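Both complexes below contain chain A, partnered by chain B and then by chain C.
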Partner chain A sequence: MKIQEFTKDVEKNVGRCAALSEKAQKKLNAIVTFIDHSEQIEAVKKMDPSLPLYGVPIAIKDNFNTKGIRTTASSRILDNYVPIYDATVIKKLKDAGAILFAKTSMDELGMGGTNLNAYTGKVNNPYDVSRISGGSSGGSAALVAEGVVPVAMGTDTGDSIRKPAAYCGVVGFKPTYGRISRYGVIPYASSLDHVGFFTTCIEDAARMLEVCAGRDDHDMTSSYEKVEEYEKNLNSDIRGKKIAILENVMNSIEDQRIVDNFNEVILKLEKRGAIVERVSMDETLLQTLLPVYLIIANAEACANHSNLDGVRFGMREDGNDLEEIMINSRTKGFSSAVRKRFVLGSYSLFVENQEKLFRKAQKVRRVIVDEYRKILEKYDCVIASAAPTIAPHPEDSVGEKMSDTYLVAENFMILGNMSGYPSLTLPSGFVEGLPIGINVTAKAFDEQNLLNICKAIEEETGLENHTAGGSYEL
Partner chain B sequence: MNFETIIGIEIHCELKTHTKMFSQGPVSFGESANSCVNEIDLGMPGTLPCLNKHAVELALRACMGTHCDIDPLVKFDRKNYYYSDLPKGFQITQQFHPIGKNGYIEISTETGTKKIRLNRIHMEEDTAKQFHTNFGTLIDFNRAGTPLIEIVSEPDIRSGKEAAAYVEELRNMLYYLGVSDCRMEEGSMRCDVNISLRPEGSEIFGTKTEIKNLNSISNVQKAVDYEVERQTRLLLSGEKVEQETRRFDEATKTTVLMRKKEGNVDYKFFPEPNIFPIQLDEAWIEQIRATQPQLPSQRKEKYMQEYGLSEYDANTLTQTKELSDFYDEVVKHTKEYKLASNWCMVELMAVLNKENISFDDNPCSPVYLAEMIEMVSKGEISSKQAKVVFEEIMKGKDPKKVVEEKGMKQISDPNEILKLVTQVLDANAQAILDFKNGKGRAAGALVGQVMKLSKGQANPKLANQILNEELKKR
Partner chain C sequence: MEKFSKEMLRKLANQVMFDLNDQECEELQEEFETYLKQLELLNKIDTEHVEEMVYPFEAPTSFIRNDDEVYAISQEDAMKNVPQASENYVVVPKVVK
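Our next item is the complex of A and B:
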């Protein structure tokens, strides 16, 4: 469903999505909290109908603070947390006329890539409910893929928007670090966290970027860079654009069907006049992506989540003294997967380990980003298949095999988080009836160029506005 | 055996800003509990820090006043620990790159002046205030996030007297610089003293104890004196000084054990990812330097050297910053430095003290006072009349109007006065005779009559002079 398909009849829009969502919830388990829309509808009806998101229902990943609406980040410890404030981007959506439709499931606190580690349980893939949606923004990806809502907000720390977008067959866009304010978004790892969204087409992604982007004085890392008219300027003429295929990724993919699909798309782009070349990065460097990412992310995360102690908000467990209350609340409040990450993060920050783990990881991050930047200095974008497989079954998704496929093709999108460069995944076809995607990454703040190239790809794949839940149309 | 006392002092000083270090929450004292907080101060999930520029300015002023090397690249770090007064579970501080390093201040004691070196000045945020009661611990988050600087001395202090002089000098300086209101009793300046003893001539430091939270300068001295005595006693009797944290007990004037130090806590310091390093503008630093308020010693020197005031006057005027500031305002409008000093020190202070008015509510305009002083010095009004005018100035009235309304113009025309003198002398033959017979007092009585005849408006000096001249002629 596209934004433009929505009428200016707010009640009708919301009613349509609400009816869909009830059925979809049974199928997907994507929603953590349903929202009562009556007040929002009344408020929006008083607004200017020409607003870019007037009356458009938008699903929100459950780590965005929504004033007065329960926000759990899919963690038990926040099961009763009702924020007293709106995240900046939530304010912007409201100001643009959007209706906050529902809060969606995620891997607990953003930690995970499967959405299996959510307090409300697994989110099912709309194309095959036995398979995973991917994560951590799995609920948002699934709802858009199912056609329940046209847009859903997500966050991306490793590939948490772009991987589920690939598995679910939707557009998943993480703009440049600092392009969208992080204020009010429950963090995972501050230096890697990005706010982004899912849509069914590039046009909607451009409109969403225009609404969400911009400097926010509440987020010192947000940029003063000018926000452009991305939707109006959308132009799929890519003649002369220089596109770099990241060879390491394509070489490590075992599923030939995915490689073939990718190559087909590339041929079409060349026909359109794009200059496509193959580039490769130091393989060892790419193999360090995951460990370096985990060290930095977990270290930042263990500090970021120290406020979740059961004392001022959240679920509190009893204890004889303060320390016991904190220990009990945190032990019961977090899943073992999250506690494992805290332990690892804490370990890498200890005085005796910090230099050889955390600081070293930061240095390697700079080396990786330097090499990545050198490629993008010569090209408009870097392109590769977004995932080496179709969405797996749960039992096939958790093993951390140290293979090339795993280390490189499965995790290369971390490059976008380490560098902060804008990165977008869009659907490129189907294998066994399940969607596969392509990932495109451009220079910092070069979102317009990135969207233009992706628009061209979308025109070639014909997958604009493709959703799984056709049978639900009212 | 004789011991040498080694003292180092850490001072936490609240900066005089309107809002908190990293949030727009108001800085307050004595407001009702938890009324000056927002989501950031409470460490709610998703909040981000935003650095207070005014706090950086005040920290720079402190660095400039204490001759510190300023690091123009401002960086912050996280200090991680769990406690109920620390809402985020970490404190944002400057562990690795303090804003100021390698400074010094000069203190004076009976034995002369001495340089005390400063190791560092760094910025950080305050914690919440806890109240331990019989029915549990209460937390007031109003103080949470208040901007602080921590000033760490080198171990250059050798006695209780020096310790007290050091704290007093710093307090005076920071207060004059407008950095802090330095109210030790209210906790806006808090003092921790580290003390160890070593045999005279030894190069190795002994085991130190730390006395926490001394709340007055006299207690600094008392606590040090007691602690030196206690440690001396221990060492002389062959016992060991334990590394521990102690507090000063007002009632018994002794130091009491709070807790033993069990190894060093690992705070897992690492750079704050939500605040990028900030390069301070050199011009901004210079502008702050150029507008640095003068310190008491500089003001005293100016008063004595430039204005020719006595040391006593200079000391009195600089006893408080407010009086000194007021005096500086007055002498912007008159060059009668001595007169101005008298009026400020004596008449003004008398009224303010009597009426219990603070300088914040001082109704006296420095410009009006200066105008009145000019009138006195030009002989336009008498000192006696000036007192009446001053009363009116304290009611906010313009001295020129007061003089006009009350018809107070002093008669300073010699011809006018001669007329009055002649009139009096003609009517008092007996008094003239008495004067000629050696009764000096008779002249005084005659002047009094002249003044009476002029309704107090004759210039007394002139009246006296002319009368004496005329007497000699008769």
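Our next item is the complex of A and C:
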């Protein structure tokens, strides 16, 4: 459902979503915490009905601090944590008239790409509940795909918005690094973390960006770059736009149906007057994407989460002294997957390993980004299939393991995190009844151009406002 | 690179304040093998004279904010999530015995 289809009757809007969410929760297991909306409804009713998100229920990934609403990041160690403040972007949503609808499941602390590693368990794909939603923002993606809410917030450190968007068949947008404040978002890896969202159409993505973007003095990496009128300026005329197909990805995809779908979309864009060319990056360099990402992300995560010790907040375990309390709280509080990642991260930060691991990874990151930037200097966007397969079953999911077949195609969207460039996945069709998607990435702060090109794609696919749950009347 | 013994992995874990059980150590030993493979991939890339990339955009912050108290949380709020508190103090076992 689109934002514009929601009425100005706040109670009716919330009632609709609440009724759907009960059914959807049984099907998807996407929600960690249900929220009592009564106070919010009363507050919104006093606001100006012309506000861009007036009375619109929005689901929130469980790593955004929400004042007075439990925020666990799907980790046991934060199971009892109730924030005393709102993340900046949450405040912006509230100021725009939105209703915080529910907190959604994620891979613990954002660390994962399957949503299998959540304290509340697997999130099911709305199109086939035996399959995964993808992660780490899986709960948010699934709720929008099911048609429960029109919008959900997510975060993206490796491809955590854009991959679940592909698997669930919705729009997933991660704008430029610094475009949206990260203040109040429980971090994963600070140099790669981005705030973004899921919608059912490009128009809503444009509106959401306008609401969420802007400088925030609480986040020194947030940008002073002007926030544009993205929705008003949305224009699907792509004549003369230069589009680069990333061949490394497309050449490695074995499922011909996915390749055919992609090529069909490209043909239509050419008919609209876009200039499409094929480009490739150094294959060896692209194969380093996952290892570089993991080294940097694990190291930053290990440092970021040193404050989760059960002493000042979070779940505390007993111990005979302070050290024992911390060790017991962290051992029980983090899943085994997260603890293993912390060990890997800590190892690469040791003085004797820093040069050959952490710093080396940071240097390779620059080499990768330099090559990527050179492509985008010549083109309006880089485009490829967002995933080489449909949403897999849990036992077939590669997550962030080394996959020889798909080392590049499974992980190329990390380019958007390393570079900070805006990157969006939108649905492009179906294979075996499961959605597939296309990923488009543009130059830094060139979100308007990116949204315009994606609007043209959306018009060609006809998948605007498509949801698994069908259409629901208000 | 050195072989990763269970003892060494436990020591690494304890340094960042948690424990690993036997099974986790074994899984981690395998993951360190992958880590070594990844390192080989990285070493194929020539990074001589390349600076580390720490953040996506490296625009320096060239101003200092005024020394005003712009944001502070109340004592009451600060204590809201403390698992064990007494008279506005966080309670932990005696440190000096």
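Just so we're on the same page, the second predicted complex is superposed on the first by the 462 of 474 C-alpha atoms of A that agree within 3 Å, B and C clash if a C-alpha of one lies under 4 Å from a C-alpha of the other, contacts with A are read in each partner's own complex, and residues count from 1 in each chain.
Heads up, the rule we're going with is that a residue touches a chain if its C-beta (ideal position, glycine included) is under 8 Å from a C-beta of that chain, and two chains touch if they have at least 3 such contacts.
Just so it is clear, the model here is predicted, and its values are computed rather than measured.
Visitor: Would you check which partner chain A:A142 touches, where first means chain B only, second means chain C only, and both and neither mean what they say?
Guide: Neither partner.
Visitor: Is A:N307 contacted by the first partner chain B, the second partner chain C, both or neither?
Guide: It touches chain B, and chain C stays clear.
Visitor: A:M281 in the overlay: touching chain B, chain C, both, or neither? Say first, second, both or neither.
Guide: Neither chain B nor chain C is touched by A:M281.
Visitor: Could you tell me if A:F342 is touching chain B, chain C, both of them or neither one (first, second, both, neither)?
Guide: second
Visitor: Based on the superposed arrangement, let me know which partner A:A87 touches: chain B (first), chain C (second), both, or neither?
Guide: First partner only.
Visitor: Give one of first, second, both or neither to describe whether A:L322 is in contact with chain B, with chain C, with both, or with none.
Guide: In the superposition, A:L322 contacts both chain B and chain C.
Visitor: Name the contact category of A:L28: first (chain B only), second (chain C only), both, or neither.
Guide: neither
Visitor: Tell me which touches more residues of chain A here: chain C or chain B.
Guide: If we count touched residues of chain A for both partners, the winner is C.
Visitor: Please indicate which partner A:M220 is in contact with in the superposed arrangement: first for chain B, second for chain C, both, or neither.
Guide: Both: A:M220 reaches chain B and chain C.
Visitor: Please work out whether A:C454 is in contact with chain B alone, chain C alone, both, or neither, and reply first, second, both or neither.
Guide: Neither partner.
Visitor: So which positions on chain A get touched by both chain B and chain C?
Guide: Residues 81, 84-85, 191, 217-218, 220-221, 302, 306, 309, 311-313, 322-323, 326, 346, which sit in both footprints.
Visitor: Touching chain B in the complex: which residues of chain A?
Guide: For chain A paired with chain B, touching residues are 63-65, 71, 73, 78, 81, 83-85, 87, 182-187, 189-191, 217-221, 299-300, 302-303, 305-309, 311-313, 322-323, 326, 346, 349-351, 354, 358.
Visitor: Over in the complex, which chain A residues touch chain C? Could you list them?
Guide: 80-82, 84-85, 177-178, 191, 217-218, 220-221, 223, 284-285, 287-288, 290-292, 294-295, 302, 306, 309-316, 319-323, 325-327, 330-331, 334, 336, 339-340, 342-344, 346-347, 356-357, 359-367, 369, 401-402, 418-420, 444
Visitor: Please name which positions on chain C make contact with chain A in the complex.
Guide: Residues in contact with chain A: 9, 12-21, 24, 27-28, 31-32, 34-35, 37-39, 41-47, 50-57, 61, 65, 70-71, 73, 77-78, 80-84, 90, 92-93, 95.
Visitor: Spell out the residues on chain B that touch chain A in their complex, using ranges where they run on.
Guide: The touching residues are 39, 42-51, 78, 80, 82-84, 87-90, 137, 266, 268, 270, 273-276.
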